[in-house]
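Below, chain A partners chain B and then partners chain C, in two separate complexes.
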Partner chain A sequence: MLRRLLDWADEFPPGRVPLLLLVLALASGTAVAVRQVRSAPPRFSVWTFVHLAGEEFQQRLAADPAHADVEVRNLGTAMFDRLALAVMTRTELPNLVEIEQSVIGRYLRGPVEHIPFVDLTERLEREGWFERCVPARFARYTVGGRTFGLPHDLHPMVLVYRPDVLAELGYRPEDLATWDDWCAAARRFYRPGALGTRTWRRGMPLSTIEGYTYLALLWQRGGDMFDATGEVTLDSPLAVDTLERYLAMLGGDPPAAGPALSSMIEDFAALSRGQFLGLLAADWMLAVMQKDGRTLLEGRVQIMPLPAWERGGRRTTTVGGTALCIPKDAGPPDRAWEIAKLLYFDHRSLVERFRTQSIVPLLRASWTDPVFDEPAPFFQNQRIGRVLTELADEVPPVHGSPYMAEGYKLLDAVFADVTAGRVTPRAALAGVAAELRARMARDRAAVARARAGSAP
Partner chain B sequence: MRVSRLATYGLLILAGGLSLGPFLWMLSGSFKTQAELMQPGLGRVIPAAPTTANYARLFSQVPFLTYLVNTAFVASVTALLTTLVSALGGYALAKYRFRGQGAVTTLVLGTMLLPGVVLLAPLFRVTLALGLIDSFWGLVLPGAASGFGVLIMRQYLGAVPDALLDSGRLDGAGEGRIFWSIVLPLVRPILSALVIFTFLGAWNAYLWPMIVLRDESNYLLTVAVTNVVAAIHQQEYGVALGGTLVSIAPIIVLFLALQREFIEGLTLGAVKQ
Partner chain C sequence: MKRPWRGAPAAAPWCFLAPFLALFATFTLYPLAYSVYLALRQSVGPGVDLYVGGDNFARLLRDEVFWGALGRTAYFAAGSILGQLPLALGLALLVNQRRLWLRGLWRTTLFLPVLVGAAFIAVGFRLIFGVQDGVLNQLLGRFGVPALDWLRDPDVVLNTLVLTGVWMFTGFNMVYFLAGLQGIPGELYEAAAIDGAGPWQRFRAVTLPGIWPIAAFLITASTIGSFGLFDLPWVLTDRGGPGRASTTVMVYLYERGFLAGDIGYAAAMGWLVTLVLLIIALVQLRVTRARAD
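What follows is the complex of A and B.
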């Protein structure tokens, strides 16, 4: 039977393989044709790349019949490419889109009138949102004094540590008020040995190949890659000095920090074995720790504010963030604005977001909710919500720029050379700053030429 | 002799191990619990407490069979259409003489010099204008005219003796009949290779399907694994590993079943007869 079938297949002029695929195409095509029913496009669409946010948005909107026509789409990381294409071609745009802070820069380039998102500044001022929230968090989504994104998250950063290890070393958390204090403790904690072996111990992991932790520490100190006017400040004396002190932590004798291990879980494991004295973690990383590091760290760790750079100085910094933006060409923005506020500032949603993702809200009124005073068993019943909200007003601004992503890339490209001692911090930061200024000058000249060309 | 053979096998086993390592890790990881996957280090090859829960979640929470059927349809139609168009184009360039033949060949060659990503925005506009967004034809049609396919077919079809075609004409066969009944059977190995090659490419395509397809029920496996599975099961690596494995299993089976045809096509003409 099989032989006859193969013989018959051999008579098909292009051969057996195309015949096999023809059969597959007919069979799958029939299944597709039977199934396909085209649904009408939604009247109002919201895009996000975060699954939990998508689910939460859907639940919130489903509770209100007035928003029955809103479709929430969780597109994962593919959303960024799809949005770029939609903006470029001005087609198939969502009415509202949730954007990650490191990505928004690419849309903020050029004259303000060319930015593809609705300017929210007046709405935010008129309705008092700058006062009702922590204003520093709007800086990331602001260029030329105009704000284009509505954030919801604070993302304060803290130190996660094992109280028993710290006590054994003879310290209490309040003894570690400055990074100098921390470094002194970390140097006492240090044990030599190759990373990953049983004997080594380091104060905390710091990246030797990416600049993000350095930037977080620079933000804590009041520095930044760009200032509020958008000018590059990465080569400022403060930025250079911070990088030098970062290197001193990694390379002192003995060092106060070690290179970050190959993954977050390896860092968790080292903390659980008592081989790191502490780990830097933003609020959302505490949720990841509770999920992925449960078997390693549950009931064994607590959090404390970051040591300050100077006594009495800022005790936190920030990492990460998302904002809702309204694409200009997607239609009238009023409804999108109302839905954005509903999704990001609804009290129940904010509380739930803290409960499931440890994300501290930006909205001051929400911090009085009892959820922030609940003891967290994972953290030895510490009230981590209160520790985090008490740091809220110290969260530093991170200034937005169209060149933000490029700046990160340029810094990452040179960072391994800096930590390996092949380039000095001053030369490295000057190089990155010069390149950014050159790109900005080139773009400004292009805009000026275009404007001159279109002038009557 | 024996030593060199041992060295050869040793190297091949090492290379095989390096190639298979990630697949084995993926297979093993898909049967591990989240807690075991989250242990530091590479972990055990044989799971400590094997579980099929990742697959159960994959198939209960994600319409994986739908994505499989979509992918099979798009990949098979793309492979067939591309091969047919390539064979027709290659035949015309190899066996017919017409004005501008050289220019057309250069133009076809030129399409291969442009990186695909450069064409994304204009291709998107055209696809949109044709109303093919969120349609499988928006995936199939842009890839149907492949410069690579046309050129490779032209190369192989050039070796078909003109005398055979002439004898067909003398027997009264039309041009279509000659192409279908005389020419295609002579180039079966390269047709098989091209059809498999295109099928694999279409099965694994990600960027264009991700841009064109909107409705989740139209997703292909690559887009579904990256977006739906990864998005719903963020940080649940066992489910993501299971999804990836299920998505590549059919083409591994297909390739193993048809590898003789594929290799034949690729090595055709490698040795001078």
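What follows is the complex of A and C.
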């Protein structure tokens, strides 16, 4: 038998060895293919891009045998592109996916009926989640009046300051109720000097090259890049005036603010040296500060509500956020909805999230937990949880739009020119708004053509 | 005896080529063809997809941001070639010296940066390029040089990328030059020395012609590599900032294709960049051939 096989192989024109290689290639290829088929995908998959969230989800689900078949995957920021491809090809979609607020718009394009996520509006209304949470936070994930994401976080923004430096200047935190008050204190605090030296002093760092701090302050004032109907409002008089006041802080004589440094660590170091009077920080940044700025700032800083734009006005704003979305084509959404609520609204998880990441939950009922009254040694035993939750209802809405990421990028693209005085705030914002409107108009025309069933 | 492989000689090459052809068709030809298809379409979300003909290309030709990004990418490519190649050649000449102490260690150390991912390098270099506490500004400050905002000054940031690129890839290019230097027969140097040629003349008459094919290859490879620059500006300068000051063509392509979801426009951009690269490569080929002749 073997002899016949060898004879047969000898007859193979290129020879016995190439035949062996061919057989091996075919056999290994078949083995790989069979293995792929046998290793069936998990019955239920959850994707996230945050390492800490991935671990937390895994622990929470592992505690419940009913969810033994759920696989949590942390894909890092590459997850967003992978999700985009999965949505395009309708393959390998997760059952539940955690998405960052600034990029969610890319999945919300086109007619509402084609949005690849399950519309959660009715479930949220039916189960009373809009009332049980801070409703403003849902705006970011709402397009055309329909909500496609379940958020868990508030991310109120506060001012981190050194009480000793403020006292030396003759101020108490309650004296700084408005930005005008703040600017007056910051101007007294000011010392000239070039970057890179230890002599300069500025009120606080404001970005001169990116628009996110400006947008946060615009939200605090009630403005936004888009309105609730999705139309562009970045060139509104309020937006222009806020940018002018932002520039006045940076460029007054003396200035009330200075350019943000190259990294958060440099900002922390400058605050620790008494070169900044304060820093703007959302709740999650307080955790970053406690981790990365421990040696610089531990036991030396406190937080206070932001000064308002007008006396008695809103004392906070917001930066950042994530939501859980349910891809439409990944199967029946009911179980995904239940797991989403478990992961995002489970009381123990919310408390743990505040303890480890300083994230203030959206769910009102959770704010009564004692964890929010615990003194924080890093912040001179201040009860920072209570300061943050007391600001919760003031967190402004940020309206969602499929064009949000593009809007941020277009604003960033002109921001350095605005702060350098090469273009006026009015012209810059009008330019960004016009570009956004042009892109929206082109897309709307395409949708209209598609609906009419005609090509150009 | 019956011949089991009768008729096989004609089919045999195809049998062996079949796996490659199948993979090539699946992973190269099909994506290329599909990107042409995409470049002729406009999509709005997953539900709307229309044929728009050459509209994406026409818009691209009028897009100032694209041409700005292309210009910055060309600047990076030129800066990289002018910065990296002479330095790489100098280092190759140095580590080619037999009498150099710890020669192997030098070679390895200089080659190491290319093994580190650009994203990790970008994170590390943020500490070096920090405006207030960065190592570089601290060092320059000792010599009375005022602090530069390496990562946030629009007039400086592209040069910061070039500098980082030089640090990353000089060692890699050095290895190619080293291989070229070791391929030059020693007899040529001996003959030149006998003819009375000094070190500079030997370098000009023997070394340079000997390594010219390598240099020509590296110029082309560096140009193509530079046009693919993405991760450094994405991580080191916050997605091509400040403003558009370090937005390369690949950063802009990603921005339009993946952040804005305009896949058709991004595909058109990819093809236009391919065309530009093809023209550059052809010009380089002509110049290097003319020089070799």
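Criterion: the second predicted complex is superposed on the first by the 413 of 456 C-alpha atoms of A that agree within 3 Å, B and C clash if a C-alpha of one lies under 4 Å from a C-alpha of the other, contacts with A are read in each partner's own complex, and residues count from 1 in each chain.
Everything below uses one rule, namely that contacts are C-beta pairs under 8 Å (C-beta built on N, C-alpha and C of every residue); 3 or more make two chains touch, one makes a residue touch a chain.
Everything numeric in this text was worked out from a predicted model, so none of it was measured.
**Student:** First (chain B), second (chain C), both or neither: which does A:294 touch?
**Tutor:** first
**Student:** Just to be sure I read the superposition right, which of the two partners does A:82 touch: chain B = first, chain C = second, or both, or neither?
**Tutor:** In the superposed model, A:82 contacts chain B only, not chain C.
**Student:** In the overlay, work out which of chain B or chain C sits against more residues of chain A.
**Tutor:** If we count touched residues of chain A for both partners, the winner is C.
**Student:** In the superposed arrangement, does A:195 touch chain B (first), chain C (second), both or neither?
**Tutor:** Second partner only.
**Student:** For A:326, is the partner it touches chain B (first), chain C (second), both, or none of the two (neither)?
**Tutor:** neither
**Student:** One more residue to check, A:32. First (chain B), second (chain C), both or neither?
**Tutor:** In the superposed model, A:32 contacts chain B only, not chain C.
**Student:** Scan A:14 for contacts with chain B and chain C and give back first, second, both or neither.
**Tutor:** So A:14 meets both chain B and chain C here.
**Student:** Where does A:22 make contact in the superposed view: on chain B (first), on chain C (second), on both, or on neither?
**Tutor:** It touches chain B and chain C both.
**Student:** A:269 in the overlay: touching chain B, chain C, both, or neither? Say first, second, both or neither.
**Tutor:** both
**Student:** Of the partners chain B and chain C, which touch A:210 in the superposed model: first, second, both, neither?
**Tutor:** second
**Student:** Which chain A residues contact chain B in one complex and chain C in the other?
**Tutor:** After superposing on chain A, chain A residues 13-14, 18, 22, 25, 81, 88, 263, 265-266, 269 contact both chain B and chain C.
**Student:** Inside the complex, what are the residues of chain A that reach chain B?
**Tutor:** 13-18, 20-22, 24-25, 27-29, 31-32, 35, 38-39, 49-52, 54, 74-78, 81-82, 85, 88-89, 91-92, 263, 265-266, 268-269, 288, 291-295
**Student:** Would you tell me which residues of chain B are touching chain A in their complex?
**Tutor:** Of all residues in chain B, those touching chain A are 34-35, 38-41, 66, 69-70, 72-73, 76-77, 79-80, 83, 120-121, 124-125, 128, 133, 136, 180-181, 184-185, 188, 191-192, 195-196, 199, 207, 210-211, 214-215, 217, 223, 226-228, 230-232, 234-235, 258, 261.
**Student:** Considering only the defined contacts, which chain A positions touch chain C in the complex?
**Tutor:** For chain A paired with chain C, touching residues are 8, 11-14, 18, 22, 25, 80-81, 84, 87-88, 90, 103, 106-111, 113-116, 194-197, 208-210, 259, 261-263, 265-266, 269-270, 402-403, 405-406, 409, 412-417, 439, 442-443, 446-447, 449-450, 455-456.
**Student:** Residues of chain C touching chain A in their complex?
**Tutor:** Contacts found on chain C: 3-5, 8-9, 12, 15-16, 19, 42, 44-53, 55, 65, 126, 129-134, 137, 141, 146-147, 149-152, 154, 238-239, 241-245, 247, 255, 258-261, 263.
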